[in-house]
Amino acid sequence: MFLHRQELQHAAKPDAPDAVYARKLQEVLGGQYGEITVALQYQFQGWNMHMPGKYRDLVFGIGAEEMGHVEMLAVMIAQLLEKSPLGITEDAVQSDPTVAAVVGGTDVQQGIVAGAGARPVDSNGNPWSGSYITASGNLLADFTANANAEMQGRLQVARLYHMTDDHGVRDLLAFLLARDTMHQNQWLAAAEELKSEGIEELPVPSNFPLAKEDREVSYQYLNFSDGAAARDGSWASGPTPDGKGEFTYHDGPTTTAPMPAPTHPDARFYGTTDVPNTVERIAGAAQDRLHRE
Amino acid sequence: MFLHRQELQHAAKPDAPDAVYARKLQEVLGGQYGEITVALQYQFQGWNMHMPGKYRDLVFGIGAEEMGHVEMLAVMIAQLLEKSPLGITEDAVQSDPTVAAVVGGTDVQQGIVAGAGARPVDSNGNPWSGSYITASGNLLADFTANANAEMQGRLQVARLYHMTDDHGVRDLLAFLLARDTMHQNQWLAAAEELKSEGIEELPVPSNFPLAKEDREVSYQYLNFSDGAAARDGSWASGPTPDGKGEFTYHDGPTTTAPMPAPTHPDARFYGTTDVPNTVERIAGAAQDRLHRE
Amino acid sequence: MFLHRQELQHAAKPDAPDAVYARKLQEVLGGQYGEITVALQYQFQGWNMHMPGKYRDLVFGIGAEEMGHVEMLAVMIAQLLEKSPLGITEDAVQSDPTVAAVVGGTDVQQGIVAGAGARPVDSNGNPWSGSYITASGNLLADFTANANAEMQGRLQVARLYHMTDDHGVRDLLAFLLARDTMHQNQWLAAAEELKSEGIEELPVPSNFPLAKEDREVSYQYLNFSDGAAARDGSWASGPTPDGKGEFTYHDGPTTTAPMPAPTHPDARFYGTTDVPNTVERIAGAAQDRLHRE
Amino acid sequence: MFLHRQELQHAAKPDAPDAVYARKLQEVLGGQYGEITVALQYQFQGWNMHMPGKYRDLVFGIGAEEMGHVEMLAVMIAQLLEKSPLGITEDAVQSDPTVAAVVGGTDVQQGIVAGAGARPVDSNGNPWSGSYITASGNLLADFTANANAEMQGRLQVARLYHMTDDHGVRDLLAFLLARDTMHQNQWLAAAEELKSEGIEELPVPSNFPLAKEDREVSYQYLNFSDGAAARDGSWASGPTPDGKGEFTYHDGPTTTAPMPAPTHPDARFYGTTDVPNTVERIAGAAQDRLHRE
Amino acid sequence: MFLHRQELQHAAKPDAPDAVYARKLQEVLGGQYGEITVALQYQFQGWNMHMPGKYRDLVFGIGAEEMGHVEMLAVMIAQLLEKSPLGITEDAVQSDPTVAAVVGGTDVQQGIVAGAGARPVDSNGNPWSGSYITASGNLLADFTANANAEMQGRLQVARLYHMTDDHGVRDLLAFLLARDTMHQNQWLAAAEELKSEGIEELPVPSNFPLAKEDREVSYQYLNFSDGAAARDGSWASGPTPDGKGEFTYHDGPTTTAPMPAPTHPDARFYGTTDVPNTVERIAGAAQDRLHRE
Amino acid sequence: MFLHRQELQHAAKPDAPDAVYARKLQEVLGGQYGEITVALQYQFQGWNMHMPGKYRDLVFGIGAEEMGHVEMLAVMIAQLLEKSPLGITEDAVQSDPTVAAVVGGTDVQQGIVAGAGARPVDSNGNPWSGSYITASGNLLADFTANANAEMQGRLQVARLYHMTDDHGVRDLLAFLLARDTMHQNQWLAAAEELKSEGIEELPVPSNFPLAKEDREVSYQYLNFSDGAAARDGSWASGPTPDGKGEFTYHDGPTTTAPMPAPTHPDARFYGTTDVPNTVERIAGAAQDRLHRE
């Protein structure tokens, strides 16, 4: 259950409108690694979680905060669009090149569709998609996904920070950067805690019986490109992070198998084959099928 | 530049066709965390990389291997579909319930569209999307994304392992599981190497000037849900993984700000306001705009 | 700002697991008119709203409730999937036709991807999309969109009600049906209130200067099909709902204009034209462009 | 069956080309509420309709008109693009800022992909999607969807009207505005007619047995935000639009239920649980499954 | 302009309902190569065409026919769904395996969303997308696209023919197969006519100055796989179809170039480089940018 | 199996960075007819092929080359973005209109998301989609699709050639144009070879029994528009390309059938009908269903 409070976690007020920047800010609202993604990702992880306690409290606690971040960005964008011009005459462009920049740099749907408002899309206008979310039920995998999401998110906010001089915007971004710092740290700490408590370990999923895996190739670095430098990495020799093996280095594959023969499905799929698909063969297939079934 | 060799890294031959399983296997071919994703993700990371050497060789070396994994899954799926029935008469269903299962469990587009062939889609038929890829230019962020992709991928293959008894299929999955074990280990090792070499560190991006971030809230756990257990985690007290702070725990937000006032964009966006949008006001706005521009 | 409470607005507990129904229920969680849609739609309307007061409180008040409905459905789906089988052997299908139904009727990604969990997708596995949302800034238009969303949603829940005999599920659906009844009524009441207060009226947007519209055809019913019965409707004669005209009925268009001549863009777009695109013409176009620019 | 006539319902001829505006106009051709949407929406409603007569004639009659609107916009866009420049040299930009505006404001795919032509996409280049359509089989719900579509569409055209000074373009938009006025009125009249004829009424669907709905909460306004003003609306007290109840106002939920316990699906989904997923437990699950099935 | 007539080009009446087949038929209504695609593809080609006369009449003449094919399929699907069951109890499945097949094989959205109606989606429920359409302005390219669309379409209809025994359905498919035969022939004839009239020729676009192309490699077959058989094809030696060269065969590339050096964008993108991104370097970049700009 | 070599087939080095052009070039990397499409399309055709030998070698041989083209374009784009500015101050725009062009013309996600890198998207930022691929199993259909893809691709590259003056970029495009010339020729030659070898012929699929098709309308040109010129084409009279008939010309349809009666699905779908959906009728339907099933 969610309760909404009509205040923000941090001020979200630009010094001045900036329709071009309003488009850019959409990325961290409705992009692949925007706030809608993390808000829903953490909540889905909570709803699907298979145990009560601190890990579930953790995803619920942060998930709700992220919904509030969506809100801060949305109201910020609406204010950045407040003086967004509708139409641009050629005269206006001639007398002020800034107007030309606005023409091209604006998300035109923020105007035409939302009437100078924020939208659930990224900075290129792609609608937010449920396919951005990761919630697998395996917490070590998912906390790694979360750590990645916070890293990508902080990276994007850092880039956006340099794309404006507006103090109000930068003030909000400074806040979001700090929260992303927290969340990166938190997910990495939580991933370590899972391991130290023996709830999950590497390789994920750790309780798949290793004996059923083709252990021969579990720690081989296979170099399918022709660069020689990868041999120097810690992934090419020495103990593996899961503590269960030793890396070895190999140029190219250590195993091969022949390509299987081409398939010959039912003739009535009308695929092209070297066995002519005559009417007779098709009739035969029909017969054959009745028997097969 | 890529060269293709008409052999496989491992045998990909089922004991028997199984049209229902052919659909399920699409997930790890064309799904969010399928082989197309990692193949293209690693290659894009290579093409965008900002330094030569072992890290670039690494993404190129693995990226090409993953393209071969796409191929093994595709030819496996084509063979699983080899006896895929076109049509099911009611009589057939009555006499054999297995047929009923096939009716519903099959990806109908594998038949109607691909003529009993593999497709670049997931197990629900959603086409593979470029939005699945992560390649940010920041290697610590991206190697974390890669580690996550290999964890999610291995998890899905492990689940798929239990969904079939076919020895040929299980044999291929055992091989893929082992390679995912390797790749999980490898990306985690590479992420550690980046840090140990001082090329990148936490929080990502590490060289964004911390002084510009709102450090007050950089290590605060803020609990926006009402569970009490999250206080017990290592993310709520003690030193932070980035080595730059101490976690603290707080119930709810430590900062707040008022909601900003509603915006009043140009009247010709025809938004609903408490200031009536009279024709006069619209004409006024038009006037105003000419001057503003 | 959003706060999460670890309780639900209504019990969400099935009598028994049902993996097939778990897929169907995804429609009202992550479909076009599912709970994610209304939750985010109302909140975006609030963030973009151009006046404070009762209308903004209204969208915020309901938006947060709908987020809680997403949660109830998600935890319900997770429970319906609790006994979801991973693998189905042929023997099992032979001995129990119900298993055959489960094979085909299940969302395979709920298993392979989410590990028996809810997902942000519809009942065919299409990921939820930001394009489902409507938030235009014009409240009469948006409240009509909201009324539609609640009607479509209640209709889908009513259909789903008949697709299960599970008392726990039906109990939750009965609650959701009642809330959809409320919300339909509420948005229609709010739309009326906007009109009675003179804030907005028909046709939306009402303050676009009617004199600029081609009033000749503003109330003509033009019949582009050959059925004769549409003439009998209240849309074909009598006063119009906006109170500003009289409907008239016409067979086919009352106006026509010739098709404009085909375009001849720059020859270097290599479109096919009756004016041969010779190398000379292309060179000419290049010259011409330099001058035009 | 559809017949095409090579003339238009209204002139669609711009005074002058304008590549930037050609992009904006894509919104009402191929956007969420563009003409392709209404054309196909009304026709699908007709094909799925469950009774002959005036309502079916209505959707067919208007659906075909809307296909002609798609055509008018497409030929208008092609003409707006007629002088669209292919390439812009830096010199050209330096000498004329208008060129700079064109660079950014143009839909580059209109040039590269369509050779200066219209495309089935919105103003941000998102392809038109079948998910924009609503055709539920329930006419009161669908006519409300139609009324909304016409409101949103007229709003967008009104905004676009102010984004150009071209008389030819404005002339076409004035015509489209008038037709949208008609269609808004018409769908609202048709919705009223359904109710007055007793074919359908509120709440949609009206013949779902109200006794099966949780009537306790059918007319409660539940305020999940902390604003106090929503209490003043006509949705918080007084009779409800469906004529079957009285609105009441409540702060927050009137009902609650505990969160259900976390699920424990089959161990072979490898979800993280507090019950360790040992190899033994997995083997046990496999055993168990054989018996359950 | 389009006019609708309430009759069909051919009977569209199944002998009996079949909810599973109704799903399959969606492929040729709303799939990549379904009737919506060709209907809109031909019309967009007409709206964008750069010359009047027989080619434009051709695309308009067929485009309108295809809209009628959409209609025939939609009403056929609605009838196939007429007895579609809402709910399936476990008892029903036990007593009749056909019911089990229906459970899994049905498009659940046809029921839940459309109330037993046709939808603008393919047989896996993916919404139709504007990205399926090809209309480039170059007629030889586009008529080749059209010929392909008709081939893929006829292939799918042929497969669907064998998936049912219903005489009414087969009767309609026999009609559609014949029209696809016509349309394949017609587009190939039209492509030949373009060439014989000298309006366009191979390679498309033929008037791009060949001298600007790297003619060295214009007719080389480069074998990037290790199969030897491709050398035997007519594409490996002899005159080329465009009449302007001779095919030659080569194992692997005939040209190579070194990989360019990695890029070093502005330090404030926070990409990982071998040049440490110190705060100093970032400040330097900021300085530098001011000067560059 | 794929092996990667760290060199390119042709130099991919621009004379100078150009962030606006970097966006445009995305079209032929990640668009509908970009290099990712052909690379994966040819490979999927190979994996699904139903016979060994020259045709399979052909698709494998070219498919791998196209993967290398993806790489050349990606590294070219990364270099074009090398000096891409992060932020643009208003001062900078005022002093240099070129900057204004850059603001609008750039793909902002190349900066914010990829840190000045290439992305798997088209020139409007739409992610590459698996739905772009065609691999039906029927080679004559698929080689026609391939010929079309190469035509559309060469057309787009030709247009892009004129959008830049950069010699390095044009040099790469000249190479790609030549390879597209080769590939157009090659697929057309391969299509002819299939026919001359009798493996497949027109109409595709040729072995569908023509007697089952409605031959009456197999070669009729039906003019559903009112233009008269289409009668003059070679598609309106004379022998058909498949050598099996004679074209005839007809104004409008030669066959018609009445619209079928509206459907009356189960009352519990709550569709609107002229038969009132009373509670009684719904109860009746429930009864009826039990018996039907």
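Of note:
Think of it as A, B, C, D, E and F in the order they're written, each chain with its own count starting at 1.
Here is the rule we use: a contact is a pair of C-beta atoms (placed from the backbone, for glycine too) under 8 Å apart; a residue touches a chain by one contact, two chains touch by 3 or more.
Small disclaimer: the values here were computed from a predicted structure and weren't measured.
Identification of common neighbours of chain A and chain B yields C, D, E, F.
By the residue-number overlap criterion, the interface of chain C with chain F counts as same, with over half of its numbers used by both chains. Computed centre separation for the pair chain A/chain E is 28 angstrom, with centres defined by C-alpha atoms.
Rounded to whole angstrom, the centroid-to-centroid distance between chain A and chain C, based on C-alpha atoms, equals 25 Å.
Annotation for chain D: residues 1-9, 32, 48, 52-53, 55-57, 60-61, 63-65, 68, 75, 78, 86, 88-89, 97, 99-101, 103-105, 111, 113, 115-117, 121, 124-127, 129, 131, 136-138, 140, 155, 158-159, 162, 205, 208, 224-225, 227, 253, 256, 263-265, 268-271 touch two or more other chains. Arrangement of the chains shown, judged by which pairs touch: all-to-all, with no pair of chains left without contact.
Those residues of chain D that touch chain E in the shared complex are 1-9, 30, 36, 40, 43-44, 47-48, 57, 60-61, 63-65, 67-68, 70-71, 74-75, 78, 113-121, 127-131, 133, 135-138. Those residues of chain B lying in contact with chain E across their complex are 1-6, 48-53, 55-56, 86-90, 93-94, 97, 99-101, 103-105, 107-109, 111-113, 115, 121, 124-127, 136-140, 194, 198-200, 205, 207-209. Remark: chain A residues 155, 158-159, 162, 268-270, 286 touch chain E in the complex.
Of all residues in chain D, only 20, 23-24, 27, 31-32, 97-98, 100-106, 122-126, 155-156, 159-160, 162-165, 224-227, 252-253, 256, 261-265, 267, 269-279, 282 touch chain A in the complex they form. Those residues of chain A whose C-beta lies close enough to touch chain B in the complex are 6-13, 32, 52-58, 60-65, 68, 75, 78-79, 81-89, 92, 95-96, 99, 111, 115-117, 126, 129, 131-132, 134, 136, 138, 140-141, 144-145, 147-148, 151-152, 154-155, 158, 161, 170, 174-175, 177-182, 184-186, 188-190, 192-193, 202-205, 208, 212-225, 227-235, 240-242, 245, 247, 253, 255-260, 263-266, 268-271, 289, 292-293.
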